[in-house]
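Labels run A, B, C, D and E following the written order; every chain starts at residue 1.
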């Protein structure tokens, strides 16, 4: 990647210098008034960067993303502390609609397609906030179809009846249709065939480099996430326990062992993993 | 529990060296299944066998028809052509609950837990088919009902320990993170003590560590109870490591069928599915 | 035996020896069915656009009619009252969105359904507090006189109603299927959260739908109002619309009309020819039974979206 | 406050809301106005002020019960007489008033056989019952048609306890006078009657239609009748189907429509003068000035009169203080409203004379037929006396006896 | 930390499977029972008993019934009124046909009869779902009412179509129905009934039948795939739910109003009960009571409030306001806690557990 972005990354971790496109400051999230989930998460996404958000199940990745895109309220959750700034401006009390207009869009975990709409209609709903007129929308639609030829085949069938992976593609394509500047990707690789996973991350890279779209992606597939990301945060039940540039993280032994499965003696077969290895926690 | 496994293993010739049940004869075979929805041909003339005690993986690109295949096996989809032969007898248009009662349990790709219920209750429902006490007995929690409840509760607790979800026993599953939900779902399937266990992408959305645990569970189940396992998974690492045989589907067709190594070597499979990465 | 005769033979005998009367009953039924459709349309709109079964539709019909008639009684010319009432309905829609729907976003449908029942109560109370509970005669000069066409007696008024309903349906159907907003509406119905996530502004969307539903309610209110006089009972026409709704399908605009026709004709014919066999006053439940029978064959109603069953 | 303690408490179970409010409101106004008149003009009854409290039943049975329970305890002597203004509520209260010893006056509604005071000790049906009404209507029709032999009469009725009341009588009469009776139930609320009227107007084509309707059902029926071209002057409604609110929404269609009444229409009676003078001049009226004298208003007024005169009569025996339920019952059973008395009350011509007794809780009230001119109700018959002796009274007895058996009540002996 | 489970360890699953595993809850229940049985009968006036307590109990039964069907089995129903009517008329026929049949059995019998009717109208539920089913159940509502209205046999050929409760006694001489029955006797009789029914419901919902219902409710396809028979389960829900509604109807006719015509069980009742269930909390027995309490009390309070406050508002205005406030409150509660009063109570408890810490 270019020097410029690399520089951005380094500063991202150390605040106050050149403002990143997204800055999350020590936020705390509570569900149902009682369940405390995020206990002060801070992170930053540099302009044109790809930042990975890693962590076990229940660490709070999805919650973090929803806190940013303001989808929490719909889950009876609320941000009780901290701030979220986009381009240096607080976005906590904007509606998701405003955010999308400003170029922040989330791809929700677990698809959430509009079951009764056809695949194509699903994609078109993504263009709801667009104003450049039909032509531009049409072009992007074609773009999405290039990315996911499979969708073109199924374009006229109801999304509710498409396969898991197809739905995942629809969800991502739908987000792309909003012409975003910052995409919050929640588990993009989930349920996708290997080569498709590669493709998706290739798409991410393309958008990032060609169109300068920034990404914050919550991903379980650490290997590939770190391969494409410039910077990474690791979440453990509601706290950031580790952060750093992708390469550095990849070199970190703990990460190697617990997230990449590369123990000293190299990758070992799932068959041989000894049972229920107690996790080493950073707290 | 591995200890018991070992003791089970020792001596008897029904077991392999590492204490697994020896792979036996064909327990379920699908023959020339064709399934289509309106225009979409989800499956065309698919045949393969599932052998007792084996771990069979089904892989293939998205939309290849893997989940549909499982749906056919447990009677949720009714193929236009072909038949499913379970334990030597052909199954005519059967309803899903019959499959369940015949010992075929499964988990789902898009988690299908009972959102309003606690993890424990979800797992208990897995044993509903075995509970017999009548309405009145239940209404006044008389002997039989009480006895049943406690017995089955104990079994479910075993599973809960096994899957390490004691902590969230009483939590409504809706609130659990994705990964744990997948585990609870597995628990629900196990509770039925099935002969055949169909798993649809059990490790989707898990990080490595959790995948390792999940593999462990699957292997242990197979070892412990000799449960036959049919598994859909996109993580080649997992598939190649833990499965005895692999069936590869590609847009409704069967591409290949063999041991992991054979499949890995198969050029069509590489082109259609594995891609450069592997 | 006697029953069997009354049930299986005599109705057809009757039809046979005065076919003209049968035609009359049929047309009468079809036309009054259209009046139901007018109300059913309101339900369809909101269900289709937010998955909410808006119980308040009946109340909205009464509410709109009350205000319209009220203004006229106050001496405002009818077009003036119309404008004012439209204003009121818009206001109402926005209030409902702000006070009821927004806080309940992404809640299960039954909860929203419940909330609309709350709205119903409120509107019933509010409308009557403002305008009182006594009957208001609403005469916007629609002709009431019966006329004979080839020996068949039909009511001018009903024909007008039919035309109105027909055109409403045409417009709305296009709106939903073809326009961008229409698509967004259907998306919202499927998944509030996802709709939010792609930037569909529920706020405006809902305000729009409820306004439109309110206006449809107004039309229905005026029609029914000038038929019965504007009074509390108007709210009850909703009950007549429900079977129409399920028969046509909650999500189908044209379904509302077809459903209305089937129900209307069916219940009238039944009441006239089968009442002797099973006793009169069967209209009430017959409509529902009829709908039920159809549902057994098409659980989503004649034209409703298929209920997606997938694992 | 003074009044509160030692006044006569008067409970008012009315309905100014709900689907039947349009009919309930004028009745309630009439009742309220007469009570206020007594207070304003004569300072109550023999100096005992009346303390009136309304409770809204919305014409709904359990709400009615709740109202009754709420009001029956108030005042020094409790709600010592009650008028539920709904046949449904009447039924719901029947047991309770017996237990509570509170007379229940059901003027022109409720249960006809309750006229048999021997069994229904606590219920008063004065001045007329539905059965009497039905008989009177048939008498009128007979008068028009000379003979009823082979005539076709249709009954369109509200499919409820109220609507079913006349059926028995009409069937008996059909038997007796040899006319053919067809029944057309209309389910509540009665918005939809096309089928019914197509059948009546285009197929059956009866000589007369009698209607036992209430609420929106009435105006709808009249409209539909007109729509199938049924002649209005062959269409008679019971008194609950014969008020302004029923005919006005139907517009000119209703011109010529007939209705049976047990009291006159219009505000040109002495009592109305007083009401206007003592209340409306001072802006204390319950209703709009121009609604005074409406059919239902007058009915409410008359119901109030019956109660008031019952109390007045009771005081002649028990002295001028608030009366208890039992005392009022005595009063009612000894109530005698002859022309002189009516004249004194300024009701001359508004209602027919009547006299109650232990046996007879109906009191021989009369019925007249009125016609809607498009603007007002005008009498088209003089007072008709229902054929009680030898006919209705027998039916009352019979039916009452059965009730007594069911409830194992032993009828008292009147003498 | 007033309310805490901590420290109350369960040594056996049996112990953990008690209805109220937590001590504080058990105490609470005991206290409530004591008040209901011991205190209220002594202090409650006739007005209080007949217009609040009794209807509250009756409606609670109905609410439990509907909650089983809608809250637990997820089958939305608007036929409650019809089923209650069935119960009422069944009870009437039973008690008049067999005059010396004990009233307890009359009630149970009417429940059973209603259960059958319920099953009949439940059959479509196999195919029809959600609001479609709800509207379809209206068919039951209207048809049943019409039936009782039309067929004179049900009312023993009373000309008016109104039935009134024959006087019946328990333990030989304690009148519990009819005009001569004392209101306290009625109340206690009903209370005991409710107690048993509630207990039974609670038990059912936590045994395998209950789990089957909930499974169907939450995801019927998945439920079927893991071996739960949809039709059986749904019908059982309809049967038991109707059983409760039937008894509620009988109690309504025999103990509350004393006489009914079919119209008394009109669609309004169906909705009322539905509110109770939703306001109280779907899938919660406690909720059924809370909901019933809310729905019975609120109107009474609202109608009497002006008097209490010494305001002099005309009755029509009062009941219009009543409507408005009532509607507003429903919405308000739904917004505060969509899962109903029961859930509110639960959250309250959780807060108590954390108290004095916010979370």
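The definition used in the following text is that a residue touches a chain if its C-beta (ideal position, glycine included) is under 8 Å from a C-beta of that chain, and two chains touch if they have at least 3 such contacts.
Because the structure is a prediction, the values reported are computed rather than measured.
Between chain B and chain C, the least number of touching-chain steps is 1.
Under the contact definition, chain A and chain D share the contacting chains C, E.
Ranking every chain by how far its Cα centroid lies from the centroid of chain E, the top place goes to A.
Work out the mean CA point of chain A and of chain B, and you get 30 Å between them. Distance between chain centres (mean CA atoms), chain C to chain D: 37 Å. Chain B and chain D have Cα centroids lying 75 Å from one another.
Centres computed as Cα averages put chain A at a distance of 48 Å from chain E. Shared contact sites, meaning residues of chain A that touch two or more other chains, fall at 35, 161. Touching two or more other chains at once are residues 67, 76, 108-110, 112 of chain B.
Taken residue by residue, chain C touches two or more other chains at 128, 133, 279, 281, 284, 310-311, whereas all remaining positions touch fewer. Annotation, chain-chain contacts: A-B, A-C, A-E, B-C, B-E, C-D, C-E, D-E (touch as defined at the top).
Looking at the complex, you find that chain A touches chain C at residues 69, 71, 73-75, 95-97, 99-101, 105-108, 112-117, 121-122, 124-129, 158, 160-161, 174-175, 177-178. Of all the residues in chain D, the ones that touch chain E in their complex are 14, 16-17, 21, 25, 54-56, 58, 60-62, 65-66, 69-70, 73, 87-88, 91-92, 94-96, 98-99, 111, 159-161, 164-165, 167-168, 187-188, 399, 406-408.
Per the touch definition, chain B reaches chain E in the complex via residues 74, 76, 95-97, 99-101, 105-106, 108, 112-117, 121, 124-129, 131, 133, 135, 138-141, 145-146, 148-150, 153-154, 157, 188-189, 192.
Note for the complex: chain E touches chain D at residues 46-47, 50-51, 55, 146, 149, 159-162, 164, 166-167, 178-180, 256-261, 263-264, 266, 268, 300, 303-304, 314-316, 318-320, 323. On chain D, the positions that touch chain C within their shared complex are 16-19, 21-22, 25, 159, 183-187, 189, 191-192, 194-196, 198-199, 202-203, 215-216, 219-220, 223, 226-229, 245, 248-249, 251, 253.
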